[in-house]
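Residue numbering begins at 1 within each chain, and the chains themselves are lettered A, B, C and D in the order written.
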């Protein structure tokens, strides 16, 4: 029986760990605060009081952490994964962080005999609960194969997209496109609502043609209803667009639309709307056109 | 048997008129240059030497013309539709023009007893050939019902989206979203190619999630191959974004992303790339990142 | 004694006409509403009840009107300048309108034996009162020379910048730069105020270097004080940026920064701030950063 | 006699150190490569073979280094300023770096009894040679007073703008405005040249009004002549705009125009034009309008 240490049992990590339990893995969970660990135990997992305790006997370590600095601390830090795990362990980092950090963590881990995959996910809380996440994996092909049983338990579309860091790069591209599509649909909605148009019929015909998108299919109804409960929070998308921007800068890539949509997301966060769903780009779009319902 | 006068037998109008013949309509065609008219006759239609001759006995008039000024001239001008058609005729304007022009043409036509629908299409040359266009219709519900047999012969998704001008408004929103999605995919491609990523695998995973879109499905393969044969020409998309911008200005709608993508399309046209497919936004995107293959 | 017909006695035209009276011209004024005409009479001018009456005996006609359509109507329309003025008259149009309109008006006027200069001004209401406007003149050199005495009475910096329409083109470029500089100073102010900086000292050192500008010199104090009494109204600047955009589109010129600042100005107008001074770009800038004082 | 250690004798640091010699200071220079040190000795300074040797007996240490990481290494690193300087020394850092770095360096230095000012400069190589730099200083008022004699020897406009980091913040705002003004003038030049306008006359009238700026005064002649020898290199401005962006992100400030101009500067650097003067923004502006002279 494979033992999986799961570090970071938040909104995403919690349901992912439970799905691993359900799939028959021996899961030892650790989290900075205790309640999520207790919940995992109720669901059939085991509890650890420290990273060291969690990873000591693990065959696989999965991390799901907020940001680049958290991954560096948990993996490289004192009492962290590299200091405590047995040699040959496979570390699957599902956090969305900077590609450069994933690369340097993988390079350091290699010196400790630890294999690393960066495996950021998309699909949101619902995808995590349903075990239906999309997972973009960077790392060695043989490590990817070794990780398949674990990844299959939490995701549906699981694709290796290149060497270490490649998963993060593709996740960054994903977040760039998603933010842009949300903003375009927001601008189109404001445009349509300012005219004498049947917006339901309009959405139907738009969705059926070259303007069609997953954003239009899954998000426009909520947008028309001004229902902005997350889903995926603007504050997180703001963080992710920071990764897009710094990666683009480091690699000499110019993103005219990306830069503008990033400012719009930043504006919503700066105004205090970071806790809303990212489709709340509509809120700013309509305020800019004097049509906002200031609340 | 319903007689349809078809004015404007170009790349789109030609196959549309032929599909009307096939559907059993009596089609009389007129075009500024003669060869397209001769082709229609070979396909079973009839020829007219003037607008007046074409529309005189028609029950329905279909127009498919390049720009707002053409529609004004053909419909309102001397020897035009209003001057020559019988009372009660139904005019279906499939051109993509300014919503304001559609509204004013409809208002003028009403005084002549002519009913008007604005019915711009999307789906491109292939959609016109296959009779599979999406059609966004503005006008009175009863006129829309009367036009159904004609529209069914040329389109697949046919939706009434509101009163006069509404079809144009929705088409404008469509062009805004499409241009933006193309640019976002272009930026993502440059971003991915600048990194060490398997772009095929990356596209697969992007297309399956919230970043998915018709642009990614139908256009990205051609973009990766730098195959920019139209399809839909940048010069036409540039014209359409001009309609988006003027309509937005008139109605006090602010389009931050729309404004930027419009400049990028304008740049390609200014540089002489107006004859390429609109997916050639990638060409500019990669040149801006110093990765272009200047040709 | 030279007789000058002055058409359009508004905020700018009123003081300009008075300065012509002071300089010794015989000024006959016409305005759509009567009170400004009465005021001119009190100041030593004469009143006309129609355009025809005003221009009939004039050697020079000066127009100061809101928009392109007004100039077309007043000059080309029934009972307008061309229909009523004597041959050889010199028409100086001080309105800010589309360069294309200025060119076509000049071409039409030539057929009537009327010489035309486009002579838009900058310097605002205060400049008009002080007779200290900057005037950008398009037209024939000999007409410019003939117009000098009149222009000298209302302006200080008076430069011929090319043939018909050139004055409008330069005025458009002026409005592009001014809007952009105002927005840059607004963004810099928000940036500085968000940090722990002595903004007075900062402005002093910024103004003294390559960042220095007339906007920083004349506008930043009002901006720091959030004093947005016009001055030059955002609604007018919005109109002028429409001229910039349509002229750029017609001539294949791409303006990435111009397009974005134009959207920001449009946003303020859409929200109902069109009556504020154009330096109120700061209001939007700080709201986008969550620092606005919503009022 | 005050002893000044000068670390970093590059294009800016070299002439600044010489001006300190001229002003009567005892200057000990250190530079990673040797030739600039030899040049300083010829000019009356003294040579050091290491940072430690340079700073050991210094009353004041001046640093002029490329980037944030260099300052951290030279000041905080092994054998660096803090490790080697005597207590109470005054460190004046003239590098342009991240405000956050300046703050953290100052906080660390305080624990070593070293007083720090961040004192970035503007005015370019010529300003450094002429001792006419503008200097934006962050730090304690009494340290600023103590630094005056040194700063007076290299600059003309010397202003304390706030506590530690404030100098960098103001320098960042300066670079934001300068880049934006250059791009606006570039767009205006392309706009004017696309029309039939006397650009010399146009520039004269633009410079005299609210559109006037130091950029228009000092840079437009070179731009009209396409003379892009630096001056200030685009690659450095690109680095500085990175500081602007990261500082804005950290403090929740939204910069719509700043974000776009930053992408344009990034494009020029990505294409290989980073060695040109920042006024070469014109090169990209005209290429985007299809008017470029591709070279």
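Rule of thumb we're sticking to: a residue touches a chain if its C-beta (ideal position, glycine included) is under 8 Å from a C-beta of that chain, and two chains touch if they have at least 3 such contacts.
Note that the structure is predicted; figures quoted are calculated from it, not measured.
Counted as hops between touching chains, the shortest connection from chain A to chain C is 1.
C-beta contact counts were set side by side for A-B and B-C; A-B has more. Comparing the CA-atom centres of all chains against that of chain A, the greatest distance is found for C. Mean C-alpha positions place chain B and chain C at a centre distance of 39 Å.
Shared contact sites, meaning residues of chain B that touch two or more other chains, fall at 252-256, 260, 263, 267, 270, 288-290. Every residue of chain B that touches chain D in the complex is listed here, in rising order: 256, 260, 263, 267, 270-272, 287-291, 294. Those residues of chain A whose C-beta lies close enough to touch chain D in the complex are 242, 245, 249, 252-256, 259-260, 262-263, 266-267, 269-270. Considering their complex, residues 99, 122-123, 134-136, 157, 159-163, 165-166, 169-170, 172-174, 176-178, 180-181, 183-185, 187-188, 190-192, 194-198, 201-202, 204-206, 208-216, 218-219, 244, 247-248, 251-258, 260-261, 264, 285, 288-290 of chain C touch chain D.
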